[in-house]
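Chains: A, B, C, D and E, in written order; residue numbering restarts at 1 for each.
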């Protein structure tokens, strides 16, 4: 076992990122897709913090990035949920496969 | 403080209008008609003011930059928004949430202004989101239409996904260079694989917003589902703003990676033109049709950007200006027809010329401009883009681009044919066009005809750099 | 002489037409406009001759230069040499004839679509494109005017055409657009290799590396070749012509196919002499094929418009052959052929239109004996047919003979065989022209109702007479045209010879 | 010195007639057009006669040699330095002689037509065309430039076309005029290429310079042009040969003669003018014009000319014996006689005594113009009277058409070579020339001479004797009205008959010879016996067969069997041509070309369009409407791009 | 040397990734939401581990207290709590997995090949620093982003209100 360091955290964040991506690609429920997005954003946050800590401790860019990303994630999630709810009202379903009138 | 007022003038003006709208909404509220007129006047004032008191400099460290060129780009966007407010008046008057609509639209516009002016990846990211999330909400403004919410859903999810990838890229970039500032980045880029990876991730966000193939798939669905005003906004304002910042970023920030992005642009430009054109060929819905055509147009913008030279910047800005007029004219006609008759299919346009010659001529003019046929300005715009692309001696590339113009002509002519040639038992009846719409269409028409021949516009843009 | 008048006249006319109120005004304004254009063209010819007589030896006359996109090196640079003058003259003849034959368009089959105002507007726009094209000395502007003429053609065919008009219009527009795409590439290549200039005069002074020339020449030549129906890129011609309304066909064949020929010579060959030398043999082969193949294909056609369209392919082959032969005489001949073919084919289409408007058919086997009810039209048909088969005294002969004489100056077997092959077409041409005439104008009257037909009206007569006058002016006294074209051809040859 | 204006007026007056009548005839000169045309031509004729007198007796002969004059030469179209088409007037013995022949015969025809075509709907048009033809023919005759001759060559071709197709509503006339034009056009192609070759060899188009440069073996032009060869034949020979093909086409030499018999569909006076006296001899004239080249530089081609002439002469004579359409008989006879002229040139040398053939040929051209025009006009009178071209409808007409009968008989005697009629002298010289140079041709000519006498008298007897005429006898009312056509039709007959009878006494050799020096022709009585005898024999045989109606001709035909049938069907040459054009050109070249164009070339274009749309349809699945699929594309795009730029395009 | 901190790290990592995987794979939507919650808590734990307490706090407040609650509410709103999630097509899953794997492999390869500039000292920022920076307008200040985010939140709020408070839901 190695002393956990930057690479370990990068591994975790990358793994989380792609887990999120996988979820986004495969979940049929819109809310679970949104959850996957949250995972993606969190993995990025972790990246920023890790870089800030290990590589550029003197700077605060990474940290602020994280803060703002969290804020944006909230805003995005809010709007997305509003849209999803609206979609649910009109489609009576939040299955993404049911919302594909627009195609070709 | 004075500096803040001049340099951030556009942003402050837009913010002022946003808050005015907010107060109006919170307060008594106004009738749609009067509110619309008010907004139109405000936007006009905003547009006109865009040409005065322009400064050059940085604010907030180097987070916010402005130059005459950026100011001009903002003016183009202002103009586009003003025209949309005129063109889509029919739809806007009917909507229940007019104040909110403009509030969101102007927020997005603000986001775009900040994006163009951003001097830092953080502010860029935030303004990008500011320019996206409200639009996603706007896309859902046809509240009782299924398609509208479907489009909005696709947009918000795709853009969230894309910003996830963007952020991942930014984080890697930050990790390797330790900075997110545009002015510091170029010196720190060494072209290591990880940076290339990060750059590609970053690139895709632009590609997503610009609808570059294969990141374009959301475009058509969202355009079709959204209210026409939103579609017009998306296709013109949003695209234009992203094109500007994209170009600025590539030219200034990622200059060390020129070799990478040049090839990437060429490949993607070809793919974009081709796919956009091939899809546009068989569209029936006019909005969807214009969506794909705008994708193909982006391919040409990419060609212009690939020049990596002053001529590239000039011709892209010039093209976007022309594109504003041409695309808005076609969207305007589509909006008028859709709002008055509910028809959005190209087949429904058959025989339009018999009943609505004015609309038909404007539409034809706009489509010819999009296709790049003289004497419309689109011809010059497109040609200059290709000239820019040719400056790297990539003949095969301009050949492909030029051949793509043939395919695009084919489908533009399809609409022209429907309008002018095809017979129809029940053509669209004579539409009474309101004064503001007519004026906007005339402005667009005049822009399309004159912009190419008034070369000082082009030279003005060139002089701004 | 101020060349801007040549652009201004059609432009003003077109605008005036758009603003006019009724049919009557539209027609008379168009006619007045085209008379003015004819006047201008003739004045230009006279002024040009005066200048030459005064010993002016400049390469182009009446030059004018206004910056447009000066940073890109794009200028409104205008000027004329003999070739341009001849082409402008041709255009003005065809324009006036086109306006005249469309005089009663609302009563004709083509006029069902209505929109007379728009019809004339588009015709004038097309003319504008042609005039602008011929006087441009800036490649970009030249291209601009070339492209201007595409869409009016599309609309003219698509709206007022007959038969499978949409298909033909589409095909025409797309193929021409393809041509311009190639031109565009070649043009940009030229622009960048020659130091950011679109100016023809500047480019002609620039030494362009031979490899670049070899690379760019096909683009430019094929591109313009599409416009002038270079085999095998000619297939828009039969369909386009057959579907177009009369004036549309006249403009298409009389003017716009000439744009291509002019471009092949002025742009491709003149600016890229090394390229021209490199590809001359291929051009010759293609044009010889076009000449013979077009002629043979014509033999099998039954529709009059197809006959003329295919014969145009064949005739235009002579221009291209002349260009490919790269001798001064052959190039002069090529240019003469362009002028001659322009007049002739416009007249041919005019006649076909007149016949079609009356009989409502264009099938030769449904006609016969039209000489009896329609003596004037049939006589014109005879004249134009004879011109087409190269009868001395009419323009076709002069042009073809000049091409042959010029071609023969190359003294190797390849050029000789190509010349002989091309010359063979004069027999085939005779066959199909006489078949067409024999089946329509001569022979017994097949359809009794044709006996009631009315002969040409004043407008049609005037149109025909104007064009016949042009044909005769060249056919009987070719000297003036030769004087006009030869120095210009010589200039081109000088560049090719590297002088 | 020749007066350019006078001479130029000779062709220009008929041209004026053409323009005047062509433009305004139908409206203003409906009735008077004939008079106008005739009057103009009368002036022309007078001028031509004056010119001839002037030339031959006043200034033409300098130091015993008839000079060539070019009183007028205008550059019409300059191709390059020194090579230009000039419009000029070349005055030399043969052109002056031709001026006289053309104007005179044309005048006769003009006058004759006043009666023959009276009341026709397109009377002015007819005279306009006649004017055009006369102008073109005269222009051809005086041409000073080889390209000028080609120009007028084409113009006579088209006038011939227009006049043959004068009855444009008769399908047969339409077919005939097309055929005439196309066949001669084909020959003209040879002529054109020949011109190109000669022009290339000599560097000029001007006759005088051309001949000068190409006839002196030391000149550079000859030396260089000999070095070029194709299929083992030198360029110059090719040039001469191709020019001759042009001449052969126009002069209806075998195998390009097929148009001539059909050309008889035109009005008979036209046949007299164009297809007997003037245009068809243009080929002979052309060879005569370029005779120095043929004779000095390319003798082999000249021999070919001789053989083609001889073969044509005999074939035509054989066919003529079997035809029943009187105009066709005359047409074949024309062909046969032109064959005489042709081979006469072919057996001629260039100077002195050896050049007898040249003089003889021109002489025969001259006399032939007289008697053949007369024959046609006579035939026209007959046709006018019986309204049929066929011998079967005729017979015993001598009582009804006395003047025609006599003049026709004179012409027949002249053509049969019976002394002292014109034909005797010219034919005698030709045979003599052939005898001196080429015996085989002489024998052929001799046989032809007998055949000529036979078929001419077959014609004569069939028309004027044989069975009694009854067509009009049954209906005397119509018989009286027609008559012989009045003074305007008879006057030309008589004048021409005088010419046919007396022209032989002109000392032709004094005036016309290959090198311009007078040629004294010796009259050999001994030599004349054979031809005259054979001619008389032919006449007698014809008399035996056709004087009275009997079954001898049928028996003869039956006994000859295949030969008769073949000759009756003109040796099936028409069928061969028909096969070549219809089957090969139309079906094997034209139809595939048209098919190829519509299906392959155009198919490619359509295929491109279709393929684009197919692809467009094929990739529509990409836009599936599923947002997750979009994301997969997105991700794949990212990964592929990143991988490409990390691993491939470093 | 296995220290407590190392063990803690691995536990947190396992929690984050494990719950993340459950969150994207379970067919019980409620269970997914809860796993997401734990995954986010794991990340907050990692922030603590990295000594970025402020961020950890924000993470817990905003994510755990805000977003996840929002998500759970929306699950209730769309009446999905009890149902099993629909199954995805297998080919989509395979393609997704493939793409994800490639992407992951590609990025990890690059990350591991890259020599990061690892600093010697680690200074954890204090909340005071963060607060000050947040309101600084000069170089190095984050006032502008702060304002931007406020505009964004305003816009998002307005947008949500309009969309979610649809006056008369019509069913078609």
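The rule we apply is simple: a residue touches a chain if its C-beta (ideal position, glycine included) is under 8 Å from a C-beta of that chain, and two chains touch if they have at least 3 such contacts.
It should be emphasised that the depicted structure is a prediction, and the values quoted were computed from it without experimental measurement.
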**OP:** Could you tell me the least number of steps, going only between chains that touch, from subunit D to subunit E?
**Re:** 1
Original post:
Going by the stated contact rule, which chains contact subunit A and subunit B alike?
Top reply: D, E
Original post:
Given the touch definition stated above, what is the smallest step count connecting subunit C to subunit E?
Top reply: 2
**OP:** Select, from all pairs of chains, the pair with the highest number of C-beta pairs in contact.
**Re:** A-E
Original post:
Which chain is in the middle, if each chain's centre is the mean of its C-alpha atoms?
Top reply: C
Original post:
Measuring between mean CA coordinates, which chain is farthest from subunit D?
Top reply: E
Subject >> Approximate Å spacing (C-alpha centroids) for the pair subunit A, subunit D >> reply: 97
**OP:** For subunit C and subunit D, let me know how many angstrom lie between their CA-based centres, rounded off.
**Re:** 36
Original post:
Centre to centre, by mean C-alpha position, how many angstrom separate subunit A and subunit C?
Top reply: 65
Subject >> Centroid spacing, where centroids are CA-atom means, of subunit A and subunit E in whole angstrom >> reply: 5
Subject >> Junction residues of subunit E - those touching two or more other chains >> reply: 92, 95-96, 99-100, 103, 106-107, 110-111, 116-117, 142, 145, 149, 152, 156, 159-160, 163, 166, 169, 172
Original post:
What parts of subunit B, by residue number, touch at least two of the other chains?
Top reply: 122, 126, 129, 133, 136-137, 140, 143-144, 146, 152-154, 157, 161, 172, 175, 178, 193, 197, 220-221, 282, 410
Subject >> Residue list for subunit D, restricted to those that touch at least two other chains >> reply: 609, 620, 623, 625, 627-629, 631-632, 635-636, 638, 642, 646
**OP:** So, with touch as defined above, which chain pairs make the list?
**Re:** A-B, A-D, A-E, B-C, B-D, B-E, C-D, D-E
Original post:
Contact residues on subunit B for subunit A in the complex?
Top reply: 122, 125-126, 129, 133, 136-137, 140, 143-147, 149-154, 156-157, 160-161, 163-164, 167-168, 170-172, 174-175, 178-180, 220-222, 224-225, 282
Original post:
In their shared complex, at which residues does subunit A touch subunit D?
Top reply: 21, 24-26, 33, 96-97, 99-104
Subject >> Parts of subunit D lying in touch with subunit E, wherever the complex brings them together >> reply: 628-629, 632, 635-636, 638-639, 642-643, 646
Subject >> Complex interface listing, subunit E residues touching subunit B >> reply: 106-107, 110-111, 113-114, 116-117, 137-145, 148-149, 151-152, 154-156, 158-163, 166-167, 169-170, 172
Original post:
Inside the complex, what are the residues of subunit C that reach subunit D?
Top reply: 171, 174-175, 231-232, 234-236, 238-239, 293, 296-297, 299-301, 310, 328-329, 332, 369, 371-372, 375, 386, 389-393, 397-398, 401-402, 404-406, 408-409, 411, 413, 419-420, 423-424, 426-428, 430-431, 434-435, 438, 441-445, 477-479, 482, 486
